[in-house]
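Next come the structures, one after another.
Look at the two complexes coming up: chain A is in both, with chain B in one and chain C in the other.
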Partner chain A sequence: MTDEYEHFEAVVVGAGPGGAAAAATLAEQGVETLVLERGVDAGSKNVSGGLIYAEKSASYTIDSVFDGFREEASERPVSEYYIHNLAGGKVKTLDLSTIHHHDTEWCDAVLRRKMDSWLAERVHEKCSETGGGLLTDVRVNGLLREDGDIVGVTCDEIDPIRADVILAADGVNSELAREAGLMDWDDPDEWFQGVKAVVDMDPDAIDERFGVDPDDGVAHLFSGDLFEGVRGGGFLYTNEDSLSIGTVFHLDSLAERRAEPHELLDALLTHPLLDRWLDGEYEEREYAAKLVPDSKKAANPSPHRGRLLLVGDAAGQMQAQGPIIKGMNHAVTAGGLAAEAFIEARTRGDTDVAGDLYERKLVDEGVMAKLRPRRYRMTRRLSENRLATKVAGCLVDSLLGRTGMKLLDGVVERAFNSPFLLGMVPDTRTSYVTVPRVLGETLGERIEAENDIEPPDLADRIGGLTYDVGDPHIELLDESHEASGTAVTACPVSAEDFGGGCYRSETVERNGDTRQVVSLDTQPCVECGTCAVVADTHWEHPAGGNGVEFRDG
Partner chain B sequence: MNTIVLTKGVPDFREGQVSFDEDGHLERGKTPTVMNPNDKHALRAALQTKVRHGGTVSLMSMGPPGYAEILREGMEDVYAEELYLLSDREMGAADTWATSMTISTGIEHLEEPPDLIFAGFKTADGETGHTGPQTEWCLSISDSLPDYPLISHVVAIDIDEDERVVRTKRLVEGDVSEIETVETELPAFIVADPEFEPTYRRAEYRLRHKELREETRTRAAEFGEYLDDDTDSDPTDWENFHMWGHEYLNLDPDFIGLDGSPTIVAGVDPIPKAPSEREATVVEADDGEGMENVFEELAPYAGGD
Partner chain C sequence: MPEMDPTDHDIAELGPKIKDIDDEAELEEMLALEEGGEGRDPVVTLIEDRLQKVSGDDEGSDPASIDLTESTIADIANMIRGIDDVEVLQDVLEREKEGKNRKGAKSRIEKKIDDLQENDEEAEIEYAPPEERYPELDHPTNDKQYVEGTVDGEYRDMWVYCETQQGALIDVSREMLGKARELMDGYNEAYDESETVVAVLVGDEVADLAEECLAYGADRVVYHEDERLDRFRHKPYTEIFCHMCRDWGPGWRDYHEPRYTLFPATNNGRDLSALVQGELDSGLASDCSGLYIEAADISNPAKTGTPGESRTFERVLHMKRPDFSGFEYSTILCIDKPHRDFHPQGASVIPGSFEIPEADAEAEGEVFEHDTDLPEEWFHIEVTDYDQLEDGVDLAGNEVVVALGRGIGEQPTKGMELGLELVDVFEEADLGLSRGVITASYEFDTHVEEYVTEERQVGESGQVVEPELYIAAGISGAIQHKVGMDESDTIVAINTDPDAEIRDFSDYYIEGDLFEVLPRLTEALKEGELSRVVAGVDDD
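And now, the complex of A and B:
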């Protein structure tokens, strides 16, 4: 019996691609590494749209860290990339292959449960050799401090652990990043919300309907008039024997318009354009949702404090610029760099400088420039100004704008394919709604098909997920409609006039007063974190092994 | 820290598995045999000891040769190394007394006396809860073994290896349930309560647990292959499996099995099924009048009240 805290050289929190890359890099250099994952299995808590890139310019890629990744863990490679601008029953399709292939060594579709659990096996093997390993079902719930300094982590299931370095790769809702004051949930405009359906499809049907070889795949993006004016878009990626179809919206726009995420997803699924691929058949395997940081605003330029280094979504390292969405690759690079930083610091005999070294590496290796492009910062003030947005919107919509678009057919495609121009695309309605709509209307071809598929309703979607939440992990601090009402619509598993979700609107009468309030039941929670931003809550993850379990992810 | 877990094969009483004849007697031949569900808690207690303190876990049972399958199942649960089956026609139809005599003799024949002996809380067929404590009593009169103080209803275990002390929490159920802390020196005999919960509060324990799981999977699969191999009818040539008869144990057949059992079962009264509280009428789909009655009965509820 010992009362001493356990000690590991490195503790990695979270077994996603960022944590996996960090742990593998550390272990290969003989650093005693313990990885703590709160899911029942790595990947069971993870959702992504589904494309992982390997960039030529990156110092670490997932297959450079993990041999055989593409053969074993990913779905189809994505060699073609299109965007469909939809308006008034018309579509203008642009080929974005140039921007897709820019700096790209390869890009594969992935399903996270399969991918992350494969990674976790490798990580455990590597870490075991150092005296560490990977544990699932353990939730790290805070930082262990000594005289105010961070010296380790505390957990629900096990006693506190001391470590020389803590790599928090615990995802977009990182509790460690928040406890350290490095991230917050304050501004809806720093976040996107993604919602996704994984749809069954026979591999032969995928080959035929998408016109791809059995070992090849394609990505389609969607924007225009199908999302009730909410800023964002849709995507469709081909997996081995399924499709990932989803939508990603700016959370502030979603909240402001009181839009229902699952309805916006349905708007995409039932759009006539999708008939060419779905062909009247629709078997939804899984419904999932996640919050996505917008690195342009949320990426922390100094993602460390003491022995704590943040990696991936936890540090806001998720790049979304126009049609290009890259997150997992940056997490992998950051994970590798954080590990490298610690190893260098250890060699110098001063592990406390790991954080500073990491910060420098993110800049030197070009990661920060991708996450927070200077061009965006410089043009943002002007282009996201309301008046400028209005003027630009009207201009594009005007006869002049439309004629211009016509003249520019071809140039538009080139513009969309320019990494330089995309770096300054403002997050306004003009970019997301007006331009695609006018493109569709002015240059589009009419869609003749009809799409009569019926996606499952929200109750069925929730019913299809596996849960064992245990004690409520979210506390509603202010139940008033003014403070927390937005959660009823913005939460992907809640809706107005729906009693089976997390958040519900209720009218209560007290002492003759009638008041609109919000009630919360955490049972159907998918742990996306939306309500942490749009409502007044105390938000934590469920204990290890509890809560939603994604089978595809 | 070397431990042994005592386990028994019992009829699988779960719905869909168990079969009774018209008089309500158990049809043993038609009902599959499984490990006594309560023994799983003893297995978990032994596993916690192995994970936290190392050493080996053995499993022991008394029964027909087919019980080897129960031991294989147990091996997967507790990552056991050695399996002991006390099996002999002379041991058949034993009551708890004769069983305890046999089992305690089996324990005497182990190479080294175990540090901890674990048993489950009563079996699903006999429901006596005697065999564990009686075995402990038999051990206490054994010349070749140290004393094994008995702690029953154990819900948590903590061992201090240096001091050779085991500290347990036991659940004492009366008008109110209480948790009692009982400490004793090793070796000891522990009966696990169904409320037993293992605790692994250190990462090293959980890492070791994971490592053992992988090791055991291979070992149990290997044993399973021996058992499934029809051409090799003698699984005892598998080095970790030991099947011992009364001669090997030097037990007088008059003191074991049916002959050694003072208990006489005078008769078995089936417990009648509780009468249904609801009335049921069977209506066939082609019975027009009957179906009309059904609709009339249901109609008042159709409004959703």
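And now, the complex of A and C:
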């Protein structure tokens, strides 16, 4: 029967930058390529903090694959890059432009709905010429197998499709990667959770308040004592007529501290430092969230099985090295390399070797070295050890450390700007919280401003999102508070004492016993995947065209 | 002296060699030599042919004007070789008859004419009935008497099967009538015709619906009533529809079959459409969402009968249907082919594809009863049992809606009881719930559990209500809930939290615990003293 299914040479799942780069590269070589996207429009499901890099050392960049990308699809370029270390009303600002520009051809802020839908149009054009194309509103729900071998994909909306190669660029919660056993949702410490607000701002106001030219922009990062000790930081990027302001935290830290992500975002938004840019005005266009893989731990060094090749977030290819976060560029490179691998394999007459070729190319082209630096693997064991962290924390906090820090003013900035040293930064409280806080306290200047803006509450944020509610796509397997209670706080659209979110704490009486349980309503879900990691769920994406629809992304 | 003396050679040798000689004088000499010698006819012809070729065909070669009395038989034979037009050849033949009337010349011209006409016949597809072509097959269409009969038949009108449920037209029937009206109005204007929309009603007591069919666009209604037809059954429904439109003879139906047919793409309509179109020996475009009538240029030789030729077919119903789950559309055409008609051009229509037209109560038309006996054997399959799906809860029809939210969480069963008690005080009231209650993990006792269904949900993904009075107890008023109820005339909110958003769009806000407020409200209403409760409460 399976012989009757439609066949394409290549099926690409997901129309983000990785899928788009792969599909375009395949189509240009005449490979018959079908792209399946579950959103109503490419980009409607996609969120990112918002910077895309073009690395000098990369074999594929978004503008090398898509002509005119920067003119048509991105926001402002990022020429300056600062980090603000905050502590007790004081701030120490470091200029990180050197590390930002290291190996960087250019770097632009982007909003994903605009960017991805622009890419998708090009992709559809190119793929149509090969006899394929791009279909939206189609959710790929699994792998089509024949005698145990992967031979295609199955979908909610259309019949299964056979293909010689399947490029899964279906994002951080890739169902295909999990079905193939290449990725999991097991360890919170392999993930970050990012939460973002897109804030409306007149272009002239941006130019004036950030001191940039109309066609230029800036990035600001934030770390220190404003996040209740949760490991992570904040960012602010300038778009054409808006700002992307967000926070990114280690999911294990967020879960452990039972922190509410929207409250941490509000802590940043209402920090006095931000008054210089917000100036008492705040109009939030969109609230969004996303799970981010930590490539140091999550990137699969062998992201393929049979005809299935993983690209981008689906393979954990998201590099977070201290304050520098690079994801989309690696997805683009990986997409290009995966396409290249298939084309080479096809030329050799054996498409089954595409996966091996892809794996080799990731190493040869230096992608894997960036995603999983050896220096990090060597220092991690030592420095993420709890005792060592504690000692280091005390040391930095001690008078000696503080004096050292003062002496080091300038040296610190240079150290942050060293790609070699950054590659070693361990993910501990010391790096994220203690050092920035001490930096702020000892070297910082006092912030005089007051910031009295009022961000919308969670109910309004949820209300502002566009949903097409389908059947529940997440099933709560264990409703006990012990197993799934963390989701109530960690879910970006849920909170303790809030009844309108996805996850809610409830006290129920059963046969005289009073128990704490969790209930789930998937209606407000932003599909970030957090609960798949921190709670006991069966997690799937909603059917094609259903679920949340981001307008900015 | 020519290079080659033909008298020295066999004709077999001469043939190839003579082709190389281009000199007219040389050929003349060779001709003279041959005629002076053996004078072999074939050789003379060969040399003459060559001479003709070398001397140039143009000279006096216009077949229409050439003086045939001046031409030899060979000249004529050469001349007609290049003519493919039968009329020109016949003209040449006539002139030859009037002139020298040579038998040799005439026979050649006639033969050429015959050849050409034979070729023409070969270009047409040889037709043989299927029984002759496949004698080994027990042909499956043998029992259909019209299979080979429908050639160049006469077809008129658009027949619309109007499905009913529980004695009423279903919406798609109205939608199809409206669309049929629009299509046939355009058709009659474009082709200067006066064809009609014929509505078909089959069932038990359906005659009363005939007026409604006229109101929605039918010119004529044909109905068949029989108590055995109260539920859809394949055999009798198919037989009745086909008999009405093919075999039955009121005066106006003087054609063979309908030109067009429409069926609803419902469960029953799909079945009926396939059976009827099969019985009428035509095709079916199923599950269509767009229809229009226009001409189509077709080059498929199966349809035109002549390879390489394109033909325009008029009055073709274009039937658009979603493919690939709606990602692409195909347009289906149902077109006659040589020796076999494909009429009626039929489609089943996805419900909701077209607007329901405004009913025109003034509309006039003719109603006919199809009153024939139905053989008992058509009913040998019986419907032994059927179930009626619950209507569901329709909150919209109520004067009062009492809605409960997660404020009942402490004692969910008690909260439901209090809500229901309040509902009972009003004449036309029902219970609504916020989505929060429906998706919660609350344990309800069995007597109230049946009320906790999505059918009662008010809000964005539930029902939208605008009753005269909306009482929201323990509902915070998230935007998703608000869109389902904020058009209500009067909104009374009961909430312990004075900052709850519902306060912003309520007419009356009662700060308090619903477990206390609801019973007091119920009691007061029973005593007819609402003011007693409202008094002492802030009018917000």
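Note that the second predicted complex is superposed on the first by the 550 of 553 C-alpha atoms of A that agree within 3 Å, B and C clash if a C-alpha of one lies under 4 Å from a C-alpha of the other, contacts with A are read in each partner's own complex, and residues count from 1 in each chain.
Criterion: a residue touches a chain if its C-beta (ideal position, glycine included) is under 8 Å from a C-beta of that chain, and two chains touch if they have at least 3 such contacts.
Since the model is a prediction, treat every value here as computed from it, not as a measurement.
Taken together through their common chain A, the two structures put chain B and chain C in a clash.
Contacts of A:4 after superposition: neither chain B nor chain C is touched. When both complexes are overlaid on chain A, the residue A:499 reaches chain C alone and has no touch with chain B.
In the superposition on chain A, A:146 makes contact with neither chain B nor chain C.
By the touch criterion stated above, A:158 is placed in contact with chain B and with chain C alike. When both complexes are overlaid on chain A, the residue A:460 reaches chain C alone and has no touch with chain B. By the touch criterion stated above, A:132 is placed in contact with chain B alone, chain C being left untouched.
Comparing chain C and chain B on the residues of chain A they touch gives the larger count to C. Once the two complexes are overlaid on the shared chain, A:450 sits clear of chain B and of chain C alike.
Using the contact criterion defined above for the overlaid structures, shared-chain residue A:34 touches chain B, although it does not reach chain C. Stretch 257-265 is the one among 41-49, 257-265, 401-409 or 455-463 where chain C clashes with chain B after the superposition on chain A. The contact surfaces that chain B and chain C form on chain A in the two complexes overlap at residues 135, 138, 157-158. Only residues 1, 6, 8, 34, 36, 124, 128, 132-133, 135, 138, 157-159, 161 of chain A touch chain B when the two sit together in their complex. Against chain A, in their complex, chain C makes its touches with residues 324-325, 327, 405-406, 409, 435-436, 439-443, 460-461, 476, 478-480, 501.
On the chain B side of its complex with chain A, the touching residues are 158-161, 200-204, 206-207, 210-211. Listed in rising order, the residues of chain A touching chain C in the complex are 135, 137-138, 157-158, 459-460, 462-464, 467, 469, 479, 499-500, 504, 506-510, 517-521, 523.
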